[in-house]
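First chain A sits with chain B, and in the next complex the same chain sits with chain C.
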Partner chain A sequence: MLQGTTRVSRGQVWLKYASNRSALLGIVILSFFIILAVLAPIIARHAPFRIVAKGLQPPNLAYPMGTDDLGRDILSGFLFGSRVSISVGLTAALFSIAIGILVGSVSGFLGGSIDDLFMRGTDFFIMLPRFFLAMFLATIFGTEIYITIVIIGVLSWPGTARLVRSRFLSLKEKEFVQSARAIGASNFLLIFREILPNAISPAIVNGSLEVGNAILLEAGLSFLGFGDPNNPSWGFMLSIAQHFLSIAWWMAVFPGIGIFLTILAANLVGEGINEMTEPKSREWRRGGPIGKQTT
Partner chain B sequence: MEEMIKDQDTSLRKYVLRRVLQAIPLVIAVIVFTFMMIHLFPGDIIYLIAGEGGSAEYYDFMRHAYGLDKPIYDQFVIYLTKILQGDLGNSLYFNQPVVTVVGERIPATLLLMISQFTIASILGVLLGLLAASRPGSKTDGSVIVLSLFWYSIPVFWSGQMLLYVFSLRLGLFPTEGMVSLTGDVSGFGYVLSVLRHLALPAVSLALHNVALLARVTRSSALEALREDYIVTALAKGVKERTIVFTHAFRNALLPVTTIIGLHLGVLFTGAVLTETVFSWPGIGRLTYDSISRRDYPVLIGIFIVVAVSVIIANLLTDILYAKLDPRVRYK
Partner chain C sequence: MGRLANRQLEVKDLRTYFFLRNSVLKAVDEVCINIGEKEIVGIVGESGSGKTVTALSILRLVPFPGRIVTGEVIYKGRNLLEVEEIEMRKIRGKQISMVFQDPMTFLNPVMKVGDQIAESIMIHQGIEKKEAREQAMRLLESVLIPSPEIIVDYYPHQLSGGMKQRILIAIAISCGPSLIIADEPTTALDVTVQMQILSMLKDIKNRLSTSILLVTHDLGIVAGVCDRAYVMYAGKVAETGRVLDLYEDPLHPYTRGLLRSTLSIDEFKEELETIEGYVPSLISPPTGCRFNPRCPCSIEICRKEEPKLLSKKGKGVACWLYR
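Then we have the complex of A and B:
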């Protein structure tokens, strides 16, 4: 039961195979939703969030996801809502990867007081509960969709920056960097040509997880009432559904499944990449992809 | 020997002192940050303090009362002193100090958080250890898969689904609140009523954290089980079960403690969302209501309270960690 070496290998091989497959599944699901979101205006049979029929109809042929309390087609709402959720998720991932890599690499490479300053800042934002920060910022700056995207983006990159910086710190003194420096490579080249390609994998993994986090954050904000009523998302639909739970379960089930599947997909991709690029033995020190980097 | 013990005590004390001194500027930083953000408000700040729909004279009065006509540096000092003294402003809706409004609801949230946390920790750690003791097996696989599933479900949606199935449909649990309005107000009946109301929200929150804890425990237990002393123990004839549940457990406990402490912020977040679904009368529900009522002082106050709580929780976790693992004290 407790492993001798062969048992460990078999378990680990299985794990690698399963994680490759699950990462693939995650990519498939995400692509599916992205396609749905892009094609929404074409495939939706009715205008979203416009009253088209009798309210509170359970799923039927004309309205496969039913209608809500006002008589709006939920399927169309689902399709258009996906655009909000997914654009938020992808933007956050972009912010996370782009800004996170930039800040993390420069900070980790230069070290000293610049590093100190940046890390104090990022630590501050990593420590504070992200959801409450987002709520606070939304209270101050408003709930328009663009503001929400910026807020979530700004809250997404500190984690990646930390991870990238860690990598830079450990790679900075290695021989290949020293030799490049010896032949006269500039700092810019050192950062972006030499070290970065080796430091990028945690950024990618974290970026993928940030997609899930961002979608969840946006859904939660909308659920509580910080959503943009002009661009309703899945979370927004759930907040309305809350009031009609006893008589219209379909109002809550479908948007919820949407949120769940996209988050699941993002996590699958992130974990899959993590399994493929990191040796298993290092996992616990980083607390795995779900945990927080502490160094 | 006595020297060693004394050294341990001093090192712990020094560490505690160091960490406390580090925490203080963090709290100040939170207050500075809040102050900055408030002053970045795109409208007139007075609306954040005094609400909307007031007369011009009212706003002038409030402006003077809150020192908004003074230079910014003075304003900050006033703000800082007020908060450190526990004055977080007045709720627009309740017409009471924010600290009172928030303080009244903290016990309910604490009850919810502690109960879900207990369930999640016990179940999560057990499942993690179970998976770690049979790596690569079906049990291990199912734990991994199920954890990923539960971790990905939004906590407010699982709350809604649980509410729908077990309360609205099956009628097994009450649909809202912490106590029934028509029941006992004290004694055993009261406790039972609270427990019945607590069940669904606690479970929906716990599921998410069980998943997280199971994964972390499994990872760190696997890591711990790879150590050489495990092989030695096996060779010595110690029973496998003992090994898993003592050695691996104790080593897995350290990162679990870290996760638990660091995730207080997430616990609060979960509480906010779940309380809204179940109308549980805690801080979460207060947040939701304040949003719809535009009770800005309460919202800002809750942010400060939660942020400072997280700082304190991190501090306590670090101290606990240092107590369990002496190596940390010399960092």
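Then we have the complex of A and C:
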């Protein structure tokens, strides 16, 4: 009945997740890029902005991804770019989940006029054209990476807020909430200790899908020149590449592949978690649940 | 009735109404209940008679759109209906605690049972988590749960219904309350487990010297466990008295009907007797005595005026036949 009633050991959780092959692929790709990002300063042979060779060299042994118009190593840029994309993607998604959970849970639990106020606010944020507002805010507040993270986070919480709110609306009527009230629990305890753990799984799924969106939004912003000039991201590399598209395909293709693969991986992971928490969607095809299920 | 001196809880003229869109449902109307120290008091009645709402009103947990309109709930010299919500929270679980009907749904499915017991201890006694956990294990032991050090880390769905009910009891007694309200604690359990739970409640009463308010629809349970009982009908108390008196000499026609419609192993019945008709709608209850449309001894005045609860033969009865 409740998604949270599925309780299995950690090993079983992993087995269940890994039984979904595309989700497994997603986590493999994502961890690959995370490792690249973490190790970038060690693996990269050059600093991303250093001019190291003749410009516009196609991929070769010395420069596996070629060099750009100014003679910078694209592989080094690619490695450092993954740091920006992944850190922005993860932290912005985390930020948006945090806001979404806070707004959704308080709104759903308290109901009444506070709920109305919060939900109209949420509608307002859904209505906003995200990308243009992000550009606008970047113009005002600057393009430093942490500002980009805050902007993306602030613009992408409404979906999570709505999901969490709807779970709270039904969960707050459950008997276990009444029994927690009967032992003298405060509203704070009821929201964060009793109800939230039961409502969190859709928020986590939504958040993991949000990672891909955040990466894409950041790439788009940098592509249009709203990226952090001190931290070259994949989008930033693409924006330089557009001028040389006809003569230097490698400048666009490699960062493009990076963006494509990380977003794909983030979405596969999100789908995987989603299917894991909604057992009905997959297990029937695979011949029964792994681990104990209670309905 | 007697023993007026050592009253644990006194409910006076309680009225809890549910305010629906176009109407008012009088779920509990002019109910008076006394519970003495170390006493097990039963509230019996059909479903919809207002017994659960009475119990919830005592702790001020009546769900929306219900509201306590008037009345007093006197506990340790204070009227609980007038204290601040923050004060009330300190009373709930610590002074007066509750055991609920359905152990399957009244436990949080994603919290370990040990944590759920520890939570109540932590709220009221402000002790550290580790110590609360040890107390939780002792409580599990006291409600006869085998190997508490393992069960403490179980989630509710890993336990049977009877064990879950014991967990709820463990939560209820965790802070040494002076009154436990048990709302149909055995309804969701099978008969053998019912016995265990009931004898556990009795044992708790003796061991911790608490009073217990037992809400049930089962006359057998009342006979087996309670000292006194209130028979409720359509939101009102129809009859009250010591359980023995109620069973041996029921005065109110409703109580008589209820007792006649129970099954007994000792006596053979060709056909089970029933009380004709249904519980009336509480939105527009019958004028006069609420039982009069179903009452076999209904007389003129029953249809016109509501009878008051008067004492008769050491009991209280609300019926015109005993004026």
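Quick note on the criterion: the second predicted complex is superposed on the first by the 259 of 295 C-alpha atoms of A that agree within 3 Å, B and C clash if a C-alpha of one lies under 4 Å from a C-alpha of the other, contacts with A are read in each partner's own complex, and residues count from 1 in each chain.
Assume contacts are C-beta pairs under 8 Å (C-beta built on N, C-alpha and C of every residue); 3 or more make two chains touch, one makes a residue touch a chain.
Here the structure is a predicted model, which means the values were calculated and not measured.
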item: Broader residue contact with chain A after superposition on the shared chain, chain B or chain C; value: B
item: Chain A positions touched by chain B in one structure and by chain C in the second; value: 2, 7, 292, 294
item: Chain A partner contacts - residues on chain B that touch it in the complex; value: 26, 29-30, 33-34, 37-38, 40-42, 48, 133-137, 140-141, 148-149, 151-154, 156-157, 160-161, 163-164, 168, 212, 215-216, 219-220, 222-223, 225-226, 230, 234, 240, 243-244, 255, 258-259, 262, 264-266, 268-269, 272-273, 276-277, 287-288, 291-292, 296, 299-300, 302-303, 306-307, 310-311, 314
item: Interface residues, chain A side, partner chain C - complex; value: 2, 4-5, 7, 174-176, 178-186, 189, 193-194, 197-198, 292, 294
item: Chain B-facing residues of chain A, complex; value: 1-3, 7-8, 10-12, 14-15, 18, 22, 124, 127-133, 135-137, 139-142, 212, 216, 219-220, 223-226, 238, 241-242, 245-246, 249, 252-253, 256, 259-260, 263-264, 267-268, 271, 281, 283-285, 287-288, 290-292, 294
item: Complex contacts: residues of chain C adjacent to chain A; value: 59, 61, 63, 89-94, 97-98, 100, 102, 105-111, 119-120, 123-124, 155, 157-158, 168, 171, 174
